[in-house]
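Two complexes follow with chain A in common, the first pairing it with chain B and the second with chain C.
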Partner chain A sequence: MSDLLTRAEPVPTAPFAADGVTISLAPPMARYSLRARQGQALETLLGVKVPKKIGATEGGIACLGPDEWLMRAPAGTSIPMAAGLAIAVTDVSERSICLCVEGPRAAQLIMSGCPQDLELFPVGKATRTIFETVEIILIRNSNDQFHIEVWRSFSSWLWTALTTTASH
Partner chain B sequence: MILIHCPYCDEKRAEIEFAYAGEAHISRPVDPSTYGDEEWERYLFIRANPKGRHHERWRHIHGCGRFFNAVRDTVTDKFETTYKAGEPRK
Partner chain C sequence: MSGFRLPTGGRVDRSRPVRFSFDGVSYTGFAGDTLASALLANGVMLFGRSFKYHRPRGLLAAGSEEPNALVSVDRGPGRFTPNLRATNVEVHEGLKAVSQNRWPSLKTDFGAINDRLGMFFPAGFYNKTFMWPRSFWDKLYEPAIRKIAGLGDAPTEDDPDQYAATHAHCDLLIIGAGPAGIDAALEAAGTNRRVTVIDEQDEAGGSALADPSLWQWLERSMKALNDAPNVTILTRTTAFGYYHDNFIGAVQRLTDHLPDDGDAPREKLWRIRAGEVILAQGAIERPLVFAGNDTPGVMLSSAAKTFANRYGVAVGKSVALMATHDSGWHDVFALAKAGVGIAAIIDVRDTVDADLLKQAADLRITVKLSHSVIGVSGRYGVKTIEIAHNDGTGIRSIACDALLMAGGWTPSVHLWSHSKGTLKWCDDIGAYVPDQPNENVRCVGACAGACNFGQGAVIDVLPTPMDQSRIKAFVDFQNDVTAKDIKLAVREGFRSIEHIKRYTTNGMATDQGKTSNLNGLQIASTALAKPITDIGLTTFRPPYTPQTFGALAGHAKGALFQATRTTNIDSWAEEHSAVFELVAQWRRARYFPKAGEDMHAAVNRECVAVRSSVGIFDASTLGKIEVVGPDAAEFLNRMYTNPWKALEPGRCRYGLLLKEDGFITDDGVSARLAPDRFHLTTTTGGAARVLNMMEDYLQTEWPDLNVWLTSTTEQYAVIALQGPNARKLLEPLVEGIDLSAEAFPHMAIREGAICGIPTRLFRVSFTGELGFEINVPTAYGRALWERIMAEGDRYDITPYGTETMHVLRAEKGFIIVGQDTDGTVTPYDASLDWAVGKKKLDFVGKRSLARPDIVAAGRKQLVGLLTDDPNVVLEEGAQIVADPNQPIPMKMIGHVTSSYWSATLGRSIAMALVAGGQDKMGETLHIPMPGKTHTAKISGMVFYDPQGARLNV
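Moving on to the complex of A and B:
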């Protein structure tokens, strides 16, 4: 049955390029929302180091709040059952899509609608924030490359907003 | 743009990321069944509404998601301080 279904993306799959910036849809990936009072419990479950400072990322895991982490991994990645541990693990792979914004004008483009000061936003930082009225998770992979995680239903609006601004 | 210091993120962030959540330090009735109408009215609806220094709850909803307390001047809209939920009144 599932092989008859085709995947529909809410934004164009062809990258958009403008002067100094390209916007493209990242391939599908696995996303897990991890909630725990102690980051230590997550380390026990996953067997890897988990960032403790809000905003920090480590190996695809971003610390979004004092008890909240977002794990992004290649599609199909599964994580072990958290039986016996005080952890909530939720698969949110299809909740959002990821837009990859890169180029020398990437920061300027994002700052057109986002209140973060990206001149003070270090590489490796990830945070939930807002773009105009749409909530996003902004991740800086390098000086000129950002990932924007946005809820699927908001993504076509965000795509239009970013591409329209980029072409001006 | 007003910048608000989130005590959890330990950063100043734009007001647009936050949501106001009413007056702070309002404790729930310990034994609600003993409350009469007047006491319920006072608990549910009656607020200090001061002109000046006001203790209030805010939520960093488009950030870490946490509720915290703030002291804000209702005349000047200046934030005097912010502190984590559960900490004593400042």
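Moving on to the complex of A and C:
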């Protein structure tokens, strides 16, 4: 089977632009859910620093909970699966897509459906939250740029919600 | 016809006339007018008909507390809004408003017959009269009462408007931008706190808008606030509810006041989380209770001042005041200075401040102390009033065309009460005021009881020489509750204000008793001869004023009502004419009809294709959980009924999950990928529930286990290939996996690649045929599906949907949790004894399986049912009886859970829950259905290939 299968994405691949904000689908990436009782165990496994404070990100790894991290890395990145260790590494690369929301109105747009206080949400913070009824992981890359990780089957709803609100 | 536009004054823009209509008649007002002020300026006094008696009603107030002047506004098809307060509707060019609750017209209303028959409609009339016969309620009473008693017509068309919504955060939220709210905002403006100020009116200022001496201050203050970078001001925004932890709901009206709103959102829902809240809601003037106090032209004294000073409209040419409070005197002095004629000031008090008397004398106003109004003449507008000395003597008439009431002030504690702050009674002002807060909130200004409007007397009903049981002195204007209704309630034994309220409906209208609660309390207190604080207090609940459903729904309408989850393969199904069904939030293909096929024909064809060659099915929605860690097997062993520790890596096992009560809650086939890694599957609808349940046990019961759960439902697209040709089709596509029966037996899993994509390949079957479930990274689901369809052409590969899947599994007797079980079915009831580990020390639900009721005979058990007439397909949900000749109601011994036509078997098959069913094999039961009672015999549940010969190939 030489000819490879092509990907099908749940939202348009062309960016959406409205006054003060653009919404676009980020390229595919590798995602791993990392679970351990201590971040130290992951540092030993991966050989990189792991953020210890919930909400912090470091080198593409976000600390989402007391024993939960999300690693995002370039597509194709593989990591040790920690066989036999008290660590759980699970490949969730295709579980979600990432929407990039960018522009001076980005925070305002996200706050239309997300109860987080984005005026006090520092650059580099990541958190699991909701947009209306849909669970998302929100990451602030810069003052005007956010990544929203959303499970695939909810993403077309989220795309419609964001683009509808952005055009209001 | 006596209101008129004053030659000068007001904040309306006299250079911008606007044309609008009311009940089809065209009028002109000015920009800045409300519908109320513009109609008053045109001499209109009659605004509506009352709820019960259909009495003609005019304006009582000038703000959102208005109970009478409810109108409907028509903004075109689907854009009809009933029950708006005319005092809150801003006029704009082309505004179309109509009156309500009248037929055929506002002036000539047949419903007014109720007013003449009023003596037959006492409090509790509906409760007492329409009790029996019960059968009359649905067909006669309810529709008839609904037609004659009521408010505006509910819209019947879809609302085409868009609504916006947002969350917002601030350190300080100030609700109410009157003088007190503005002062609080100015104080915070210089700080680094984030301040939001909201006000329900089109312009900030509150009571200052009706006081020209404050306009310069207002302008200065608003400029300072607008310039302050830390202050956000939202006008036309109503804080309708105050919820836990300083969470406030507010609706901002964006376009209703504009002549042409384009397609911009109509309203915006604000969900505000505030660090601190300052309530500056102000106070509402209390009406007075006397005969004829609801005649059009009788209104609150503060309202008349607002109409004159804010809108430049006089409410009459000759205006009288009935006061128990100083504030009315000041209002009347302001009116006199604005050029309105004053007929008289009547005050129930024996003495008032000498300064008031002097000012009245200077303005040459007749004053009558120790007097009260005892009657009003004029049906559609005040013509004369009758007054009498408080001792009943000296009855005389005074000609006037408007009568103002100054009964004192009620602090607006609505939002304070929503927040569960306590109240204390304040004798001085005869009202409840805020006491102890329950949130980080404080009240300032008039709503805190700190109003400096002068002195007043608190009077329940004005003295009158007339028989109090024969007069209509209104307390609740909107719900037509009179003083004698409240007294009647007391006479009939009601003691608590909560009961009096519900019996009389006092305070239960859309205005929530803003003008009536305190008067109602006073009257009940007198009638019961008890202090007010002993009678209790009714509770204010959101919303402060009525809000549209559209605003509360926000974005959640149409496509955004709820997320419809779709798989990667869904678009292919849609392009190939699939008929869909919703399973939980998922949209799934139910069947794929070809031209001319109905569901029956399509499903028969799909079933035969799977049994004879190969079918392809999108199983992506199945829940998946990756269970990883050294204690993974131990954890699953505790959760599931069957043993898991000995399962070899590479093998699968059916898992049955019970709740603590021993009843089946989910099932699924799970695979062991490695000693410390399992790939679980759950039902489509149970995915989130199962993960939550497992997470709950892990975190609360067994936190010592080193195992973690990750939802991987959406990581994989899953394609099921089922049928005798499945292996032949799959073989050339797969790399690195030996598909032979020996190397890859039934209930096994292998990892490898398919068409160059990594796959977790399961050999499992929910059809009874040789079958595989191909898991690939979700993004490749559709492309792989299309490749398999192309490769499968030579086998006449047939896509099938959930309906065919249901038939095929029923032929094999596989249950569907939630269809064949209903939360009361144990593994034994479902003949799943084999899936319960008898030697296991424990698993979730084990202890419950030993309870006496669970092991008792006669429980409903899952069995097969074969109708005597093979062509009859029973209805799912049909009840089952043992003897069809018993009298109705018959004893029902069970019901049909699954029922299909089996094309493979050429007859119908069914599953049913039947009491003691497993001991009744071969017995005949009866199933009454519309038209006929059918007979069926109890059988085993496996209707096809009971030896499983087709699986193990």
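Here, the second predicted complex is superposed on the first by the 161 of 168 C-alpha atoms of A that agree within 3 Å, B and C clash if a C-alpha of one lies under 4 Å from a C-alpha of the other, contacts with A are read in each partner's own complex, and residues count from 1 in each chain.
We take it that a contact is a pair of C-beta atoms (placed from the backbone, for glycine too) under 8 Å apart; a residue touches a chain by one contact, two chains touch by 3 or more.
Here the structure is a predicted model, which is why all the values come from computation and not from measurement.
K.L.:
In the superposed arrangement, does A:P115 touch chain B (first), chain C (second), both or neither?
P.N.:
Once the two structures are laid over each other on A, A:P115 reaches both partners.
K.L.:
Figure out whether A:I130 sits in contact with chain B (first) or chain C (second), or with both, or with neither.
P.N.:
A:I130: touches chain B, not chain C.
K.L.:
Applying the document's definition of touch, where does A:L64 land relative to chain B and chain C: first, second, both, or neither?
P.N.:
A:L64 contacts chain B only, not chain C.
K.L.:
May I ask you to decide whether A:G55 touches chain B, chain C, both, or neither, giving the answer as first, second, both or neither?
P.N.:
first
K.L.:
If you tally the residues of chain A touched by each partner, is the higher count for chain B or for chain C?
P.N.:
Partner with more touched residues of chain A: C.
K.L.:
Where on chain A do chain B and chain C both make contact?
P.N.:
After superposing on chain A, chain A residues 115-116 contact both chain B and chain C.
K.L.:
Using the touch definition up top, name the residues of chain A that touch chain C in the complex.
P.N.:
Residues in contact with chain C: 1-2, 4-10, 28, 33, 35, 37, 67, 81, 83-96, 108, 111-117, 119-120, 132-134, 151-154, 156-158, 160-161, 164-165, 168.
K.L.:
For the complex, give me every residue of chain B touching chain A.
P.N.:
Touch residues, chain B against chain A: 1, 8-11, 13-14, 16-17, 62-66.
K.L.:
Touching chain B in the complex: which residues of chain A?
P.N.:
The touching residues are 54-55, 64-66, 68, 115-116, 127-130, 135.
K.L.:
Considering only the defined contacts, which chain C positions touch chain A in the complex?
P.N.:
Those residues of chain C that touch chain A are 162, 164-169, 194, 264-265, 271, 273, 555-556, 559-560, 562-568, 571, 586, 626, 628-630, 674-677, 706-708, 710-716, 733, 735, 755-757, 777-784, 787.
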